[in-house]
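Order as written gives the chain letters A, B, C and D; numbering starts at 1 within each chain.
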Amino acid sequence: MKLYEFQGKRLFAKYLIPIPKGKIFYSKDDAFKMIDQDIFPIVAKAQVLVGGRGKAGGVKLIKQVSEIESALENLFGMDIKGYKVEKVLIEEGLNIEQEFYLSFMLNRNSEKITMITSSQGGTEIEILAEENPEAILKLDIDPLIGLKNHHFVKFFEKTKIKDRNLKNQFRYIIKKMYQMVIELSLNLVEINPLAIIKGNRVIALDSKIVVDDNGIPFLSDFDSFINYDDLTSEELDAKKAGLSYVQLNGNIGCIVNGAGLAMTTMDMIKYFGGEPANFLDVGGSSNPDKVINALKILKRDKNVKVILFNIFGGITRCDDIANGIKIAMEKLEISIPIVIRLTGTNEKEGVKILNSLNLDIATSMQEAVKKAVSMIGD
Amino acid sequence: MKLYEFQGKRLFAKYLIPIPKGKIFYSKDDAFKMIDQDIFPIVAKAQVLVGGRGKAGGVKLIKQVSEIESALENLFGMDIKGYKVEKVLIEEGLNIEQEFYLSFMLNRNSEKITMITSSQGGTEIEILAEENPEAILKLDIDPLIGLKNHHFVKFFEKTKIKDRNLKNQFRYIIKKMYQMVIELSLNLVEINPLAIIKGNRVIALDSKIVVDDNGIPFLSDFDSFINYDDLTSEELDAKKAGLSYVQLNGNIGCIVNGAGLAMTTMDMIKYFGGEPANFLDVGGSSNPDKVINALKILKRDKNVKVILFNIFGGITRCDDIANGIKIAMEKLEISIPIVIRLTGTNEKEGVKILNSLNLDIATSMQEAVKKAVSMIGD
Amino acid sequence: MSILLNKDTNVIIQGITGRDGGFHTKMMIEYGTKVIAGVTPGKGGIEVAGKPVFNSVSDLKKEFSVDATTIFVPPKFAADAIWEAIDEEIKLIVVITEGIPALEMLKIKNYIKGKNITIIGPNCPGLISPGEAKMGILPGNICKKGNIGVISRSGTLTYEVVYGLTTAGIGQTTVVGIGGDPIIGSRFLKLLKMFNADEETEGIVLIGEIGGNDEIIAADYIKENVKKPVIAFIAGKTAPKGKRMGHAGAIISGKNETAQAKIEYLEKAGIKVANLPQDIPGFF
Amino acid sequence: MSILLNKDTNVIIQGITGRDGGFHTKMMIEYGTKVIAGVTPGKGGIEVAGKPVFNSVSDLKKEFSVDATTIFVPPKFAADAIWEAIDEEIKLIVVITEGIPALEMLKIKNYIKGKNITIIGPNCPGLISPGEAKMGILPGNICKKGNIGVISRSGTLTYEVVYGLTTAGIGQTTVVGIGGDPIIGSRFLKLLKMFNADEETEGIVLIGEIGGNDEIIAADYIKENVKKPVIAFIAGKTAPKGKRMGHAGAIISGKNETAQAKIEYLEKAGIKVANLPQDIPGFF
């Protein structure tokens, strides 16, 4: 789960990592009302769960009161890579002397916690990695060992920080970020830029945090940070119903058991000339409710012209799936055509139930996909 | 470093491990003055850094005000295995329903942190281990892994604790004790007995804590717990001077560089019929001050009839040692005879210095020891 | 010969009294697996599927010798169950549970480095050596004893592929579902080495997907070391960037993690990549 | 052949700019040790004893290949220096520093289990392969190349014994001071195995003391596996119970940890135990 900048900064504050003074606003009027006259310059930052906000014009430096209205007008409702701006963080403007990049990520490739540092902060790290890989320091930290003195030595060597007071501030922030990764099950914590400002203070000017979804149930008092603003309402409902669902732009709705098989079903639709409308994994359980909820969600997507079931029964029993379809057909009044491929555990019983519904049953995955694609062509 | 019971309990309180209400007293009068009338029964416990206090009569249950004076009279100044009682801890008396033994130790043999449990608390664990080893559960915990669910499962299986509320209390205390080992560099933390009292409360009735001497410099705000009450004043002064010194009952004082060689010197004295007065290791440095301080300390022990130097110069330079002896002879007016064995780095220069002092120089360790022993015979 | 598991392997079940644990214990026994006992803390003394249940693995080990464990414990206690199995020196640990935090697996992975312990999963269907034994939830009836080793990051997609092989008359030495999480006990490389060393295995099927770089590492190894035919399949060609596709590990975080990039890399290494699952049997 | 160290071993010094580090670097070089460089954080760029100093081991490794490191870093940073050496995969780590908390060493010991890393110390004089090279503070002039392996928990007592051997014309393959702390990188057992496997080593001297059970484990191993003559010496026969005798590890915590108990156990295992250090050469 991605956190908004302002949510990440709240966590920073909890861990005593310095952040600028600021406040989050949910409407232009609120912001306008509450801004003090004598705090300029201020920075207004659109809150969206996607990178590249700066380039898209989502960050405004406001130097005097006369500029506020147009800046906020501009920000609220702005569209950044498909995300509508509904929240704006307003912060004090600061005199930046130097910018750094600092992040910790759970690295699935090296199977370590990787600390990434650069003295060229402000730029996206992927861009920096391509343009100037020499400017980046990557350190793999074994979670059984943790941060040790030599990691700090290398950090200070790379960043050329020599001042004792600055060193102490950086050392503190580095330790706290690592502690956050461990205590909050983070996949990523990034500060870019981490800045030295006037008065030799080190401060986090931005935050990017990704929490491990599997870790969230183990975190206490974390509810205030949970948000699914990057999900469509269909995706959110699917999540609540225990389904894995990702909306796409095609017109063939898919209901599959298992993530790999679901991706392969999408790929095969494309391969035979169709366009999948979604990824949907009903998982390993045989609960008919899951099938009903899945159909409900697909029904809401007006692009969906045909629904394709691809079920390979293992733990999942085919008769349970068939019963789910039967109940849904009766309750939901589904008028979209349905193609079904059903094989594995209790296949015979399942097919018998479906036959009574006059549904189109394919004997193989390929046959089912081809049928679904051909029905779109009509 | 061993902590007193009352000091260990202060640490327990810091870690929120429940302890009885109580107060430490340094004199009978103070205790008598401050005890409230309506708090009986109370328990008065002699504070000494040695086991077996109960059997020695160092713990008194006081049921009413009339018993206080004689009990305190009895405790203060009592001698327990050579330790004079100068502190008494007075605590509320509690209704004990069941007693357990629980400890964590840094186990040099298994190279793990070992948790030791028994449902037969109150007895010394060494005695229990001999009389009823079946009653003891030992779990080796890898410090890289820490406490896991199966450790608790085994604890509850052994102690037959089934009540949910009690389980939560024990689980909490177990976690906190382990945390203390890690955070405070403990060699041992023991609660015996850890008791269930009336009202289903779990509480630490005693404490035994040994801190790793090497860990102490790394602990912040630990100064209030540092005590060297188990050292003689000579041992304390030696410690301050950076010398390893242990007082014994013999009459041949030893000054040696290196712990193994020092022990071997003592052993050899005994082997040839003498009695060592002490263990004293001046360590690897060549600072003449160390020799002077060592001589000062030995001079205070009235049993010492001869002083034996055994120096094998490696890092230690023989001429530095000889110079130290020379300065000490001049300053301290030492009248006790001195036997010296001096070999290794800069041996020649050292011997030259000593020759000028008319000191007895032996060519080997054996010769030196024999000489020292023979001088006692006189 | 199969890898990791055969009919003589002494298998235990951690979480045997749970709904899934109990059901699949029965299925494993029916298939011929030598399940000797199970563990559920607090439930020691009862029986499940005719097998005794113990409070802890160490209690169980006082009475039985153990080669392998299958973990069906719910997410909250699953990592602790793995640590217990490691502590008791069980050499093969198969973790079916989905939902273990990646950080916990990261610690476990670093801890077992250099130790003679194999972890399969978590979030995996387990493994099966057809005609011998199975651990986990893979359906036995779709498999057939034979000479192809199958390694897969997926569950039902593996069934699809194995069923296709079996239907085409191509049997398997062992089928291993390595799991859909970002940090898993055994990656492609480890199992490739085992299949490569196994004399009875004459060919290998490798079923990958988007996310991570395991397929890339596998390709490098195969190119240099594997003489047996290897057929790959990569799921997720139509998956969008940055979206988690069901599996916690199935997410494209960089351009090298797309299905296309992986397919290209595998093909460059001389490995055949099937377009559709049903094409796989035709390659052998 | 010597064990662990010879004249071709590429040795570095962590803490080279300190007083002890600098002095003993010179001594090591004079003795013939192939010291290639040193490390002190923040002092990178200068030279000590003609050798370049780096800020970190990884910086050093960019320019040199490293086989072994000698750690003279003060207690506050010594454990971190060991972790750094482990992280950089140095195979032999000799720690001279006294004062590292036992808990830190416990973590390190558990971490390197199963990894191909040997730690000697901490709180030790180091090791010397006479005529070849030395790491640490053992004086070279009292040693002589030969066929006896020496393992000791002590410092100057080792000098005493080695000097006795040399004076009697008995040379040494390698002399190893394993350190006086309760938790040390390599216990008797590990080095016994090395000396036992070394063809040139024809006899072994083992110098133990009160505290712990290392001598007991060693006795069991020797009884079953070592055909070469082993002569033991145990210091601390007159040490009182519960008092720390200089070394952090030299403390009697149980009746099996006294010198008498250890001597008895060794003798029962058929190992000769010398009464006095000067008796040792006579046994060969």
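Convention: contacts are C-beta pairs under 8 Å (C-beta built on N, C-alpha and C of every residue); 3 or more make two chains touch, one makes a residue touch a chain.
These numbers were taken from a predicted model, which means no experiment stands behind them.
Of all chains in the assembly, those touching chain A and also chain C are D. The greater number of contacting C-beta pairs, out of the two interfaces B-C and B-D, is seen for B-D. Comparing the centres of all chains, each the average of its CA atoms, the largest separation from chain C belongs to B. Once the centre of each chain is set as its mean CA position, chain A and chain D turn out to be 53 Å apart. Centre-to-centre, using mean CA coordinates, chain B is 27 Å away from chain D. Each chain gets a centre from the mean of its Cα atoms; for chain A and chain B, those two points are 57 Å apart.
In chain C, 111 are the positions where the chain touches two or more neighbouring chains simultaneously. Shared interface positions of chain B, i.e. residues touching 2 or more other chains, are given as 142, 144.
Taken pairwise by the contact criterion, the protein chains fit none of the simple patterns, being neither a path, a ring, a star nor fully connected. Pairwise, the chains that make contact are A-C, A-D, B-C, B-D, C-D. In the complex of the two chains, the chain B residues touching chain D come out as 106, 108-109, 111-113, 126, 142-144, 181-182, 185, 187, 212-215, 217-218, 244, 246, 248, 256-264, 266-271, 276, 279, 281, 284, 312-315, 343-345, 364-366. Residues 142, 144-145, 148-150, 153-154, 157 of chain A touch chain D in their complex.
Taken together, the chain C residues at the contact with chain B in this complex read 41-42, 44, 55-59, 77, 80-81, 83-84, 86-87, 111.
Per the touch definition, chain C reaches chain D in the complex via residues 113-115. Interface residues of chain C, counted against chain A in their complex, comprise 20, 75-76, 99-103, 106-107, 109-111, 125, 137-139, 142, 152-160, 163, 180-183, 207, 209-213, 233, 235-240, 243-250, 254, 259, 275-278.
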